[in-house]
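Dropping the structures in below, format is structure tokens.
One chain, subunit A, appears in both complexes that follow, with subunit B as partner in the first and subunit C in the second.
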Partner chain A sequence: MTDVTQASAAPKRRKAKDDPTSRNKARPRTAAEWILMVLAVLGALVIIFPVLLLLMNAFKSPTDYANSSPLDFPEALDFTGIQTFWEQQNFPRALWNSIFISTLVAVFAVILSVLNSFAIGIGRVKGRTWIVLLFLMANLVPQEMLFDPLFQLYDDLGLLSNPWSVIITFTVIQAAFGTYLLSSLLGTFPKEILEAAAMDGATRWRSLRSVIVPVIKPTLSVLMVFFFIWTWNEFLLPLAFLNSPDSLTVPLILEQLNGERQTDTTTLVAGTLISIIPTIIFFLIFQRTLTRGITAGAVK
Partner chain B sequence: MTTTPTRRRTVSPADAARIPQRGGHKWGYWLYFIPGLLLMAAIIFYPIVRNVRLSFFHWRGGRAEEQFAGLENWTALFQDHEFLQSFQNIFLVIVAMVIVPTLLGLVIAALLFDVVGRRFGGKLSSFLRATYYIPQILPIAVAGVLFGWLLKPNSDGVVNQFLTAITGDEVTINWLGGSYGTAMASVMVLMIWIQIGYPIVIFMAALQRVDPELYEASELDGANWFERFRAITLPMIRPEVFVVSLTTTIAALKVFAPVFILTQGGPNKSTYVPSFYAYKEFINGQDKGYAATIATAVTVVVFIVAVIFIRVQNRAERKDA
Partner chain C sequence: MNTRIRYAGALGAAGALIALTACSSDGGDESAAPADGDWSGETLNVLHYEGEDSAMGIAWDKAIEIFEEETGATVNLETTAFEDLRTSAEQLFDSGDAPDVSEYNKGNATAGQLAAIGVIQNLDDAYEEYGWSEKLSDSVATTAQYNEDGVMGSGSYYGVPNYGEFVFLYYNKDMFEEAGLAEPTTLADVEAAAAAFAEQGVTPFAESAQEYPLGQLWYQLALSKADRDFVDAYQLYTEPVDWTGEQISYATETIADWVESGYLDTAITGMTAEDAGLQFINGETPMFYSGSWWYGRFLSDITGFELGTTNWPDTTLTPGSGGNMWVVPVESQQPELARIFIDVTMRPEVQALLGESGGLPVAANTEDITDEDAQQLIGLFNEVNERDGLAFYPDWPTPDFYGDLNAVLQGLVNGDYNAAEAQAQLEEYYESYVADLR
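Our next item is the complex of A and B:
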């Protein structure tokens, strides 16, 4: 609705000039345009530069690293840093922990979001605006507010250093955003489809499972991708709940390595690079979903 | 929960998408809230209630007795130099996470969409967009370690070596531990680096909504790039600018990992942010009641900011309609 009103308002505000120089669409690129393009490329280079530095230095031997500038290419490909990191840290274990936690959170949070938003968007229960806000609190509340009470709760339940402490917590936190997004989506769900299903004798549960979920599947998969990466990147609460060496996630083992005084710099650089690789692979696979999906919740 | 609908028979247009069901009671939908509300109660509401209550007590934690403190924690909070300092830092965090990325994001998104996308091809512009977005998806902890390496003190640091090479003089700045200025600036640069991709992606998607004919018409009228940007682009993507500022402001109020990884709040606790302070107090402090007070104060501020933003947005929408 805002689109229409703004589209009609915008041209009126436009400054009309007296001398209209009509430009051809296929005109050659001007010097100014080339400069702007080069600036955009330079900006992207600045952003990616730290990651490139990581690549250049992760394959240096410790002596090579000590004797050269970080901006130099390695003398020879050397895997000492990567090897030391691999031997000192149980990276495969951390990788598995991260995958296990993030996958289960993504699945559970989507299921929870669908259940909540079904009652809000389709059921249109009374006070639904307030209920959405109630669920959104999970997303708003700072994690340091949850940290100590949940620590004691999981301690009592024997769930500390257990992936389920993180899974349960982040299922609730991620589902808050999912509930918000899906509620407004289901609020506009075509009535005819639901009526047809009801005519055929489908119960509510059946309509949800066999009619609504298949229709909104694309949105649900976008949500899953996001829940996965958000959970993967979480730091504070996993840091608090996961303490045994076997329970750490990828960001946590890197933080631990960073905190150890005797850590060799090449090991740290190699470890940082290795910790980034899963994310980069994930990004390459889901690039479209991520860059498009991020806008899904932005404007209703 | 007791507000089960009493007028469920009156069918209003607002009930558009409801499944019509003979004999089905609308309260049946409340069953679908059971898992969600139970989990919310345990994971979100219980901690909130417990910490708010605890903020009126002194408690050493563990098996120690709680002592009622009245408003002591709260009055102490407003005289606590570290807390006030941490709140001051939040304004700098907002500059680094909200203001700079949003402004830069506007310019870069317009540049990528308007100049690069239109004149040099969509492939280049989506490639650049992806590049700007990469820091957004890296774990903040990992990004922090990366910057920690770049900013090592003395001649070990990459940035110092880089500056030495440029200036010719030996540069040995202790970025993270030396002074408040360099430490806070380092944290802010990390935040900008992480945040910049988010507004770019959102604004570029918003720009696709703008009717290209508007641009062509204004170009025919001789409007230059900046005039078009101000008259067409900005008003069109205002809703997105709003959403980006809301979400990043809330993220800024809750920021933790960059400070934890880069400075640990140092030097001399000068780069504390409230969430880091609360975390420290819960772990090392003598009084969990006081830690709970800090956490509660941050929560209250976050809720207030969220409510103000939503109100402003609703008013803006009503004005538009």
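Our next item is the complex of A and C:
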């Protein structure tokens, strides 16, 4: 984690400072650059601090934890926290549920957003501002309000404790944001390209598939990654819809470790540590997509 | 099958409405029990939120074993978290995912509310059939009964408490010995000990004003000057509470005095219950007034000193209550099996195991319990029960009073309020909800 943060943060700042002022690459660093570098390292430390806390406390025994400060190193390596977490909770199952739900939501929501925004941004239907606002309502309405009606709906449909209840809900919610974002992006899409495609005999469907989507692809992949992460972290609605132990997602099984008045902190810390490993792997895989997407947006 | 469930549901809901006028309405017939008591092939879905290694977890595993053996039915046990169920119970219990029998939080704002809207079943007939009311002491049974407004203490039974909990004084025997102090048996002893420690520069009480502990201490101080009528007025709204009266004035002023004398650190406004507990475990503070739920943890986590426990001296009333209860959701598919299961958890052998494992059984024979630490705790609890001393918790009267009380006490500790202002503020919060119910 440190390497990644530092490696991506440090060069970017240096470049931004370097390029306009000087072209001499062998030149020694100025004081300002050193300060920026130190700031970047400090920033990275602040970000890494919670992870360090997790690492230090996940390997303490409950007694050791109770008798020391969270900042102390463990007296001895102790795996009871990790062991209890692994025995009490079906983590692989929850991991699979989270991946299944988040992936499908990311894919479906992006497809839905593209289709919606094609009509609104390129098709320029009447009253599109209002339609976009209407879509955005899905994001603006607090989830507490959706809780009861959606619960009744899925109960009647027999979809409780079924991942599809969460997939359907969040496909709609995420696609609402996606539609908003892509509609304004496609609203500024160069007309000439579309006219040229139409001249060559492309149907609407063809120009969407072969012209528009390839051009906005970097934005779409960023959107997909964000949808994945947002859905991964969702808590309230999955908590309502997913009740059987086999249907729980990762944030839900972590919540299971909280007691009414007492919390087994070492187990909770160990569980949190285990559960961020997949997220880190996911980040490492999609790191390029993320940075590429951010720059793609920025250049425009 | 389906019509039967609907019928049971409708009956439960109707029961909630007509409970008072038609106490004897018979709900036991809708579920056709097999004549020979053989339920093999049937499944009972049980939901609770106690840890696997907790006293309740251990005892209920045993109950499941006995239940499966005797009925032939299979139990499908699911566990959840307290907060999860509190968030979703109202919907969950009325849905296709509803468990057949579930643990649920007692109190007006939780079980009372579910009873009032008919999401949990009226258990009057089961109480009669199995004789549970004879097993429960009065103050424990209070939290199982709710009237049509969902106010506890009267009306029909909606749940079965399986364990109890109460609040007492934990102290550090080693620190007391070093300071030349004996076990505190009177309030004067407690205050003298506090003064002695404060003089040495040691904060006498581990405390938290951010969470429940300080509210409970405040309530205990008021209770030490009060009788049962005060509790009924405060908790059951029988008559107006005098917020400037002797009881509450004593509590608020004592807290203010103790802050001034250094018995309570002003830093407690930012401390959680967990922080306070850890301070006590570390041996940084010699006294901690808190609940029986810490007992097992203290026994296992305290390594540096000998743990002492005693009831708060010079009082007949103590914060505490029946624990969380078994309830039968309105959509339960197996209401009859659910009742049988609940009855198994009330048996002496299961209750004894609950006590043996560090919990507070409500229907155990004390002589069945041999473990010394368990005996010590149950001894304290019995002492309270003998004087019928359980007075519930300070935050129960209104749904928001937990936050209100903590906020006002924080203000009292850091000097934003003096005692009179704090009382006036509390009265305002309390009356804004209770005035309509009285």
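Here is the rule we use: the second predicted complex is superposed on the first by the 214 of 300 C-alpha atoms of A that agree within 3 Å, B and C clash if a C-alpha of one lies under 4 Å from a C-alpha of the other, contacts with A are read in each partner's own complex, and residues count from 1 in each chain.
The rule is simple: a residue touches a chain if its C-beta (ideal position, glycine included) is under 8 Å from a C-beta of that chain, and two chains touch if they have at least 3 such contacts.
This one's a predicted model, so the numbers in the text were calculated from it and none came from an experiment.
Of the two partner chains placed by the overlay, only subunit C lies in contact with A:155; subunit B stays clear of it. Once the two complexes are laid over each other on the shared chain, residue contacts for A:244 go to subunit C alone; subunit B is not touched.
Contacts of A:262 after superposition on the shared chain: subunit C is touched, whereas subunit B is not.
Once the two complexes are overlaid on the shared chain, A:147 sits against subunit B and subunit C alike. Shared-chain residue A:29: touches subunit B; no touch with subunit C. In the superposition on chain A, contact of A:101 is made with neither subunit B nor subunit C. When subunit A is checked against subunit B and against subunit C, the one touching more of its residues turns out to be B. Looking at the shared chain after the overlay, A:50 reaches subunit B, while subunit C stays out of its contact range. In the superposition on chain A, A:62 makes contact with subunit C only, while subunit B stays out of contact range.
Subunit A uses residues 147-148, 236, 252, 255, 257-258, 265 to touch subunit B in one structure and subunit C in the other. If you check the complex, the residues on subunit A that touch subunit B are 1-3, 5-7, 9-11, 13-17, 19-23, 25, 29, 33, 36-37, 39-41, 43-44, 47-48, 50-51, 53-54, 69-71, 112, 115-116, 118-119, 121-127, 131, 134-135, 137-138, 140-150, 153, 168-169, 171-173, 175, 179, 186-191, 194-195, 197-198, 204, 207, 229, 232-233, 235-236, 250-252, 254-255, 257-258, 265, 268-269, 272, 275-276, 279-280, 282-283, 287, 290-292, 294-295, 298-299.
Contact residues on subunit C toward subunit A in their complex (touch as defined above): 49, 51-52, 78-84, 87-88, 91-92, 95-97, 105, 212, 273-274, 278, 281-282, 291, 293-294, 297, 300-301, 303-304, 324. For subunit B in complex with subunit A, the touching residues are 3-5, 14-21, 24, 26, 28-30, 32-33, 35-36, 39-40, 42-44, 46-48, 50-51, 108, 111-112, 115-116, 119-120, 124, 126, 128-135, 137-142, 144-150, 152, 156, 158, 161-162, 165, 193, 196-198, 201-202, 205-206, 209, 211, 214, 216-223, 227, 231-232, 235-236, 238-240, 243-244, 250, 253-254, 256-257, 260-261, 274-275, 278-279, 282, 288, 291-292, 294-296, 298-299, 302-303, 306, 317, 320-321.
Looking at the complex, you find that subunit A touches subunit C at residues 62-63, 66-67, 88, 147-148, 151-152, 155, 158, 160-161, 236, 239-240, 243-245, 252, 255-265.
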